[in-house]
Amino acid sequence: MTQFIIRRTFYALISLFILSVTIFAIVRLTGDPVTMLAEPGARAEDLDRLRAEWGLDRSWPVQYLTFAKNVFTGDLGKSFNYQMPVSTLYFQRLPASLQLALAATFISFIIGIPAGLISAVKVNSAWDNAGKVVALFGLAVPGFWLGLVMILIFSVWLGWLPTSGQGGILHLIMPSVALGWYFAASLLRLTRSSMLEVMRSEYIKLARLKGLPGYVVIAVHAFKNALIPVLTLAGINLVVMINAGVIIEVIFAWPGIGRLLYEGIFQRDFPLVQGVVIQAGIMIVLINLTIDILYAYIDPRIRLAK
Amino acid sequence: MTALLEVRDLQAHYVSFGGERVVKAVEGVSFTLEEGETLGVVGESGCGKTTTCQAIVNLLPPPGRIVGGSIAFAGEELTRKSQREMRHIRGAQIAMILQDPMASLNPLFSIYRQVSEPAYYHRALRGRGLRERVRELLNAVRIPSPAMRMREYPHQMSGGMRQRIVGAIALAGGPRLIIADEPTTNLDVTIQAQYLDLLKELQDKTGVAIIFITHNLGIVARMCDKLAVMYAGKIVEAGTVRELFNAPRHPYTKALLGSMPKLGSKEKLLAIPGHPPDLATLPPGCAFHPRCPEALPTCATAEPPEIQVIGSWSARCWRAEPQEISATDATTDSAKDIHAAAAVGD
Amino acid sequence: MPGIKITRRTVLTSAAFGATVLSVPFVRGARAAGGVVPKGKMTLAWHTNIASRWLDPQQHDGTASPDNFLFAIHDGLIKNLRDNKYGHLALAEHFDFPADAKSATFRLRAGLKFHDGSPITMEDVKWSYENYRGSSAKVLHEKTKGVTIVDDRTIRFDFTEPFLDFPILMGTGNLCGAGWVVPAKYYQQVGKDGFLQKPIGAGPYKLVSQVPGSKLVLEAFEDYYRPVHIKHFEIIGVPEAATRLAMIEREEADILYLVEGQLIDRIKKNSKIMLAPVLSGSWWLEFPGFQDPKNPFNDKRVRQAVSLAVDRKAINEAESGGMGRVSGNWINNDVEDALDWPEFEFNVAKAKELMAQAGHPNGFKVDWLTVVPNYFSRGERVISQLKAIGIQTRLQTMERGVYLKKMEGGLKEWPGLQIIMNATRIGGSWASWYEGMFKCGGFQGQDMICVKDLDAKFDQYQKSFNREERKKLAEEIQRGILENHYFVPVFRHAFVNAIGPRIKAAKWQDVFPTITSGYAYPWEDIELKEAAAAQK
Amino acid sequence: MAFVTEQTRAALAGSAPILAGLRRRWLRLAAGLPVVPLAILIPFVLIAVFANVVAPYDPTEPIPGAKLFEPPFWADGANPAALLGTDFQGRDILSRLIYGARVSLIVGVMGTIVAGGVGTTLGIMAGYLGGWVDQVIMRITDAWLALPALVFAIFLATMVGPSMWNIIIILGAVYWTRYARVIRGEVLSLREREYVKLAEIAGASSARVILRHVLPNVLNSAMVLASLTIGVVIIAEASLSFLGVGVPPPEPAWGSMLADGRSMLMVGDWWLTVLPGLCIMMVVLATQLMGDWLRVRLDPQLRNL
């Protein structure tokens, strides 16, 4: 088991290395943060001064080594635009993103899981189709459009909800629905396939054969088992929502990490983009690693194979 | 006195999307089972054995449906019962042991919870009484230190132990009939033998009737009183184990018996040539005729009727004939071989 | 020299002029004698994120973004305000810039304070100038021989040579931050990073709290030397234009920046919202690599035909709701030494004739037309207008960072035959425009334009200390560009902002009075309607 | 067990039964087609194919004489020449929607094919060849998953310049990872199947085994994934348009129509965005439902017959 964990950790580090090199190179290939400031009034000397101050006058390998070395010491570098450590910014924004992501996860649950359950239990019924269409709707429209239409209806026309920004629970409703609905479809699918798989399992057959009431079989025996992969997916979705809720955060002026990344990309704030991406990568890798280890713990066959 | 279970002309079909494909998994199956008796049902995969059993407990997986016939259990007609009524039969009157002990237990519930459920729902046991009952059951299936084991989870158990726990679950509701669907397929040989012994012992103790679904004739020889051989959704031959093993009338039964390795022989397993037919597109006449070494011209055109050989012994074959009273009754050599083979297992 | 006198007079007159124009608020301020009690709350929906470095004048990046924030939190010795381009007296009550331009003396108002209550001392002014490291720092420090504290309210800057641009740099909030005063002790104590977290300045609003990048919560600074009318002031970064509109519709925001051109007509009809079309950057077409004789744009007649084929009025109508300006010069006319130039003619027939004379009666194909991102629609309009004279081309869209990178890369990034629809921002000086956009080696000119005789004249201009000569050279250079159609000016677009119903404003200029900026400062002068001010 | 040998023998006989099985599966597909998704998709596909016949105007040129932002037919002051009104350039919205079907469907389908092609190939290579090839491919896949699509899209747009085809490449490059993962898993389990093992023992070359035994068997999963990806790709194109790096104008993609018109939503001209939004929604919903149906039909894991 220890060997398994070591091996998986090693793989994870390789993936992170590839990720860091890729992101390092591609942000640099697409522009120059200093050029973004090159407006009349700025002078070549100012630009050179900024390049030197931001460490961009050094060669790429040197820049990368500094970056990689710093990452190992937990330092993601300093944002050009904010003149603040990226990790400080990240953790400043994290609560807002986490709040939105948790609310969105909740929304995705209440849309996706019942629809998936109905879809699995009552295959091809009208309820199944209705649930499917509702859950798939979030995936079938672009998030920005859904967000804006909601703002139009609920803020501008009806005046029920504030348009944007972080605040009370009312501020949370529209962004979390817009974000969570997108993920509902994947939950629907996984809940359904996982339920169908569980329902076909021997232990559910046995549960029925025991003469348990139908709801006990479905809601207790089957659902509890079907929930494991669903929760795994929800965990990964949560990480994605925290780090990449770009469009929804932009539409709703939500002060989260996705917007930080968005601004970083358009401003070519290299340390910011690298930092957020690496941070997200670490979270994803960690969650995958945990899942792998947990599954290996449950199923010895995985442990022995690759 | 009515039989414990009387199945008459049972028909169960799977109708796929839109009805363009009908799989006649069970087509006119009849048999009876008395209290305390053991019936073996054998046949190749997909012959309708499992469907028959699922029909008995009215748990055909969709899109399966019972389309005809009757199932009388202790005088009550099961096919007319609602799912809610059936619920009180399942687990309480009829229990089932499934093929795969590894998969039959829910990995997320404790042994206690899983064993106690039938007693909880059917015998209304609660608290201390329930705990006592579980301990008894685990004792009965020879689980060591049951008080400790029942707090554990399936993944902490060995395969043999899990199958015994499945046995305990079957017994928990105090059923009169246990349907065991290939219960030992996934166990290794020594554990299989132990398990079969245990079942036999429990049957003796509780007087429960058992339907044993298997394709292992060794197990049949060891465990069963009666035998039904199924092919393509029909029972092609039925009778006592002794009768069928001694002088099988149906070529298919013969082929099955022939495919068993004889003790001490160097011969490997023999396969029956050809494939089992597609149940949605059965050949005309006798379903077995394409593979039958003794087929007559009539076999390809007309379906053979059920011919009563003697007593409850019947066969569906144009070649079968009613037997004279003076039939042999002694156990033949081949039957002895079979008993010996059963001791080793499949 | 008379020229210098004029300039000096300009500075002093500006102050006087400012005083007259501002007489209404000033009278009110004087009557209240600090008795204006700031009331109510105003929210500004800013159109991008809020980069923290904008909160520190010491690291002014030279763009037209920090001034929006500097004018709220900080204050300078002199600044651009209303129609005074750079000489409005702010912390200084007197500014003396002698004729030889070899020194400058400021006398500060009495009793000035920072937000933390500490007095503004001459040491603060000196430290802020000497440690300034933002845009133009090098030229300022190189040309400065010494900074002398004359007395506790007077400071003198001595220069190594005549430094004519000194007042422009010191007094233009969207160019340079050297003249903006930060508390030296506090700044050193918390460091430049700490300062961004909690900046302390001398401006009309002090920072209460912030979510870096997306929100600033400000409160009126009661000890400001001018009356501040609104108590609470929030700046929220809202990148999405449609959301900003919804906010002002819902009165969640009172002022918003940047309304898309296509919306102007619609919002004009909305009685609740007042549009503020501030004249902003100019747009023009340029022809990278036209110096190559094989390039069809090498022929002046072809460039002139392009100019004749562009329907500037239609573009202004569609893109700025007619609120932009169809001007002749590509250099904003409100920039010092900008040359006034008549509107260009729109005459397709004449354009076709010129094309035929140049040997392209059926026009020719241009690989791409690229427009400053994300103003793609105006590029599309130009493309369809050019079809009338047979110039066939397609729009090339790019993300902004990519566009700027390619501009900086010079001609090799623009292979084949291309047209660029370039633009610049508001403010600056004509020389900075020329240097940046046209001159050989300039950061957007690179090797794409390169007109040698004009560049030579520009070198002469930069070396000259003679104002007359400089003015003459400036005009010659601008005339040279326009007469030869090296650049084909299109229009000066409107940076359209919107004002919500809670703000007291008879016309939009009441809220956006400063001609050198697209923003709504001076913030302290903005007032809420009585009912809105009374709201909790 | 006695009867297993029969299956092994079938396997020894070669892959004929498998191919026959595949054919049978496809034949069975023809029956019981899902009505609703097809009723949506077929008209859209026809419109896309015959856009040049159906559309009343050139979608990239203003209607001569029409004003900007003319309202659609049901509103007051509508221009009868432009049934669904005009956009910010005075172009016919109906024509743009019609041509937009073509662009969006091409982007969706081709993006999916690129993603599916790359992902399936790499997945098969990783799963079948194993060893360091597997390691390299899977580590890249893992890294890719954490890479924001937007960063990548801007990067590629810089490298190759903006055009519809490059958007397709970008979306393909973003979405191949899910194929690689799923297909690799499938291949790993396929390798354990007897007929593949037997073919290997019989000395068939890797290429042959992949083509005859592996590919036909992973194709089902790839098809199901593809049907689910088309919609995601169409939506992703719209999101790229929102971020300013989508299909470049004047090409009429639904996504860019949506993004361009979105501010008009707040001033009352909702049809500019709602109409393309509805088109996207219908097509994506239909492809998703199609995908679900295909999945039930093709993916043996999930068939419940």
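All chains are identified by letter, namely A, B, C and D, in their written order; residue positions are counted from 1 within each chain.
The working rule: a contact is a pair of C-beta atoms (placed from the backbone, for glycine too) under 8 Å apart; a residue touches a chain by one contact, two chains touch by 3 or more.
The shown structure was predicted, so the numbers you read here are calculated from the model rather than taken from an experiment.
> Grab the C-alpha centre of each chain and report whichever is closest to the global C-alpha centre.
A
> Taking CA centroids for every chain, report which one is farthest away from chain B.
Chain C.
> Could you work out how far the Cα centre of chain A sits from that of chain B, in whole Å?
Each chain's C-alpha centroid was found; their separation is 51 Å.
> Cα centroid separation between chain C and chain D, in whole Å?
Taking the mean C-alpha position of each chain, the two centres sit 46 Å apart.
> What whole-number Å value describes the gap between the mean CA coordinates of chain A and chain C?
So the centre of chain A lies 39 Å away from the centre of chain C.
> Taking the mean of the C-alpha atoms as each chain's centre, how many Å separate chain A from chain D?
Computed value for the inter-centroid distance: 22 Å.
> Multi-chain contacts in chain B: which residues touch at least two other chains?
In chain B, residues 61-62 touch at least two other chains, as defined above.
> Which residue numbers or ranges of chain D touch two or more of the other chains?
154, 158, 262, 265-266, 304
> Multi-chain contacts in chain C: which residues touch at least two other chains?
Chain C, residues with two or more chain partners: 242, 246, 249, 399-402, 405.
> Within their complex, state which residues of chain A touch chain C.
Within the complex, chain A touches chain C at residues 30-32, 35-47, 49-50, 78, 80-84, 89, 92-93, 96, 144, 148, 151-152, 155-156, 159, 162-166, 250-253, 255, 259-260, 262-263, 266-268.
> Over in the complex, which chain D residues touch chain C? Could you list them?
Where chain D meets chain C, its residues are 61-62, 68-69, 88-89, 154, 157-158, 161-162, 244-245, 248-250, 260, 262-269.
> Could you list, by residue number, the parts of chain C that touch chain A in their complex?
The touching residues are 48-49, 51-53, 56, 59, 61-64, 133-139, 174-176, 192-193, 196-197, 211-215, 236-240, 242-243, 246-247, 249-250, 252, 399-402, 404-405, 407-408, 424-425, 427-429, 432-433, 435-437, 443-444.
> In the complex, go through chain A and note every residue touching chain D.
Listed in rising order, the residues are 11-12, 14-16, 18-19, 22-23, 26-27, 29-31, 123, 132-133, 136-137, 139-145, 148-149, 151-152, 156, 185, 189, 193, 196-197, 200, 244, 246-247, 261-262, 265, 273, 277, 280-281, 284-285, 288.
> Where on chain B is chain A touching in the complex?
57, 59, 61-62, 83, 86-92, 95-96, 98-100, 103-109, 117-118, 121-122, 155, 166, 169, 172-173
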